[in-house]
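Letters A, B, C, D, E and F mark the chains as written, and numbering starts fresh at 1 in each.
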Amino acid sequence: MATKKFMYVNRKAPYGTVYALEALEVVLIAAAFEQDISLAFIDDGVYQITKEQSTDGIGMKNFSATYKALGDYDINKIYVEKESLDDRGLTADDLMPLVWEDEDDDWAEKPSIKIVSREEMAAVLAAQDVHYSF
Amino acid sequence: MATKKFMYVNRKAPYGTVYALEALEVVLIAAAFEQDISLAFIDDGVYQITKEQSTDGIGMKNFSATYKALGDYDINKIYVEKESLDDRGLTADDLMPLVWEDEDDDWAEKPSIKIVSREEMAAVLAAQDVHYSF
Amino acid sequence: MAMLHIVNKSPFERVAFKSCLDHALAGDSILMIEDAAVGATDGTIFSEELKAAMADKSVYVLGGDLAARGVSEDRMIDGIKVVDYAGFVNLTVENDTTQSWV
Amino acid sequence: MAMLHIVNKSPFERVAFKSCLDHALAGDSILMIEDAAVGATDGTIFSEELKAAMADKSVYVLGGDLAARGVSEDRMIDGIKVVDYAGFVNLTVENDTTQSWV
Amino acid sequence: MKFTVMINEGPYQHQSSDSALQFCRAVLAEGHDIFRVFFYNDGVNNGTRLSVPPKDDRQLQKEWSQLAKDHSLDMVICIAAAQRRGLMDASEAERQGLDANNIIDGFHISGLGQLIEGSIQSDRTVIFGD
Amino acid sequence: MKFTVMINEGPYQHQSSDSALQFCRAVLAEGHDIFRVFFYNDGVNNGTRLSVPPKDDRQLQKEWSQLAKDHSLDMVICIAAAQRRGLMDASEAERQGLDANNIIDGFHISGLGQLIEGSIQSDRTVIFGD
């Protein structure tokens, strides 16, 4: 099959709605199709990858650890919008350290997250073939 | 049964979601319970009572005429927030002329809609016993 | 690669429409459907922002959704084009990709 | 008649939270649940507006919802009180009425 | 105190069902009474018995059902909302000429008047929605 | 051109289902092909046959079903989303030990891979959601 550039646009906070979880389920399935996969976290979507999420008080499963597994599926293009973090009083330090191992560089562990400006994000979005938003 | 002050808070545009329609269905049933009923239209809720709605292009039933029937059920306290209209470039003239007939005044036709300021709306909301929002 | 941005949320209710405008590029098209149709109205707290975007982007509204919310076409911002569902389909064809700002 | 305002929408995503603040009266209480919990964070584009409301209103957040979104309590605006579901119930009892800003 | 609780969203898609479930449990734990739980709009979808969520996820429809049984709660699904969305009990399915029904134990189908009456009879009405 | 359309909300509660239905009809009327319609999240609720809306309202689930029949469309309900929400076909209901099923003709249940494959095979992917 042809290879296309798939962009998963995540703009909603986790747990309040199911969109973050069910988007992640698509990403995991997509990994088997050997397509070019990117994830964008914009607006409240940045809360999906904050570290130290704890769902003990709400009776729901904490699925945030699954984002850490994305590197194992060679999903390592994760774009986070700086303006979205700034507006929410967050910084890159508030996010989970998502990483992948570069086969071509002696399996060196490298960061998957790229913090980009809104302008850069717009350019990233424009370069895709398919945009999934949930 | 006791009489309570019921307030229906309508804050969403019609048709994009079902909330306006299903809220109206509750109001119509409520009329039979002889309670003190008020409706508030705030934020995008003001689009629920704009005149000349036409649903020919979207395949959905136009239920806006039902608001005009509320007067027949003695539901005549309809509060519309002025700031919500202003923000959307709307005026009272853009709304359906909702009226009721005053039994105690020789069935004179009187307007049901009161355009109120945000501050007045807050006072109206505070004076209720039950707040329904959909 | 021109993109069609489909927005279905009222600009007075959610940040999605603003976010769409913040990420659309020159040459892109924006189509307002469902509750977003009210964003076509001139003289609102949102209209100047949309007009600014129209300097280098094309803006469309689904006529059926506009009419359903009681907004007549003569209240629209000048330059917004009204389309029906056939026009919606054509916009998805004419642009290389589509993105829904749900 | 003191009112409990329950808000469940992120202030960065929808107008509901702002609308709640615009209609709450002095002496009322505001409880943030679900996605609204992120509104408790200090240093955001929304925090000054919430602080202003706290001059004459009490503000609470459901701790479980705050933790689920990765916001630790030391990042909160000073003076916001964290409650659990029992505290939520008590707030509905202590106030004469409740309104949900859905 | 007596509570009526209304839920306007279905399970999983929005947190409303989770929040309302935890709230109802806390109401009972604090020694209050639940006069009625009313499921309206997509909230009616909380009442299906055909749900089989992943084993490691919560089982919302079954948890509501269990709560109703444990505390003899009056849990009402709005008939008009249910008809639009395909929630049926045995008698309503038969009346409509349908070949199946899908409601779970603990819920029953009735009219919107039950909501109004609930709010009249209760000291507090609390609403969970989107 | 070939289209894949994804619908992420159920019928009636949001306009997504209406908009997607009209869009699909227009795609076909304009002479294009629909490779697949994929129902995800609450979108799976479009596939119930137990719905009986008011006579003067649109019959969304039946209209989708009819569209599938008239144009031999491939309309897929995501299995994981369906299991959470209680949408079952006969074989899945049997496999889960359930006593009823509720899917309407024209829909079938399958995995998320069908969505990805649809987007790979199609020239355009268009999404309708909340």
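By definition in this document, a residue touches a chain if its C-beta (ideal position, glycine included) is under 8 Å from a C-beta of that chain, and two chains touch if they have at least 3 such contacts.
Given the structure is predicted, the values throughout are model-derived calculations rather than measurements.
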Please identify each chain that touches chain A as well as chain E. D, F
Between chain B and chain E, the fewest touch steps amount to 1
Moving step by step between touching chains, how few steps can get you from chain D to chain E? 1
Chain F against chain E, contact positions shared by both copies (same if over half, else different): same
For chain F, which other chain has the most distant CA centre? D
Dominant chain pairing [most C-beta pairs in contact]: E-F
Maximum distance between Cα centroids and chain A occurs for chain B
Please tell me the distance, in whole Å, between the geometric centres of chain D and chain F computed from their C-alpha atoms. 38
State, to the nearest whole Å, the distance from the C-alpha centre of chain B to the C-alpha centre of chain D. 27
Which residues belonging to chain B are in contact with no fewer than two other chains? 15-18, 43, 58, 60, 130-131, 133-134
At least two partner chains per residue is the criterion; list those residues in chain C. 8, 12-13, 15, 34-35, 84, 97-98, 100, 102
Multi-chain contact residues (two or more partners), chain E: 8, 12-13, 15, 19, 22, 41, 57, 80, 125, 127, 129
According to the definition already given, which pairs of chains are in contact? A-C, A-D, A-E, A-F, B-C, B-D, B-E, B-F, C-D, C-F, D-E, E-F
Of all residues in chain A, those that touch chain C in their complex: 9, 11, 42-43, 118, 121-123, 125-131, 133-134
Complex interface listing, chain A residues touching chain F: 1-2, 4, 6, 18-19, 22, 25-26, 29-30, 32-33, 35, 130-134
Going by the contact rule at the top, pick out the chain C residues touching chain B in the complex. 8, 10, 12-13, 34-35, 38, 41-45, 47, 62-65, 67-72, 75, 84
For chain E, which residues are in contact with chain B within the complex? 6, 8, 40-41, 80-81, 111-113, 115-117, 119-121, 125, 127, 129
Which residues of chain B touch chain F in their complex? 15-18, 58-61
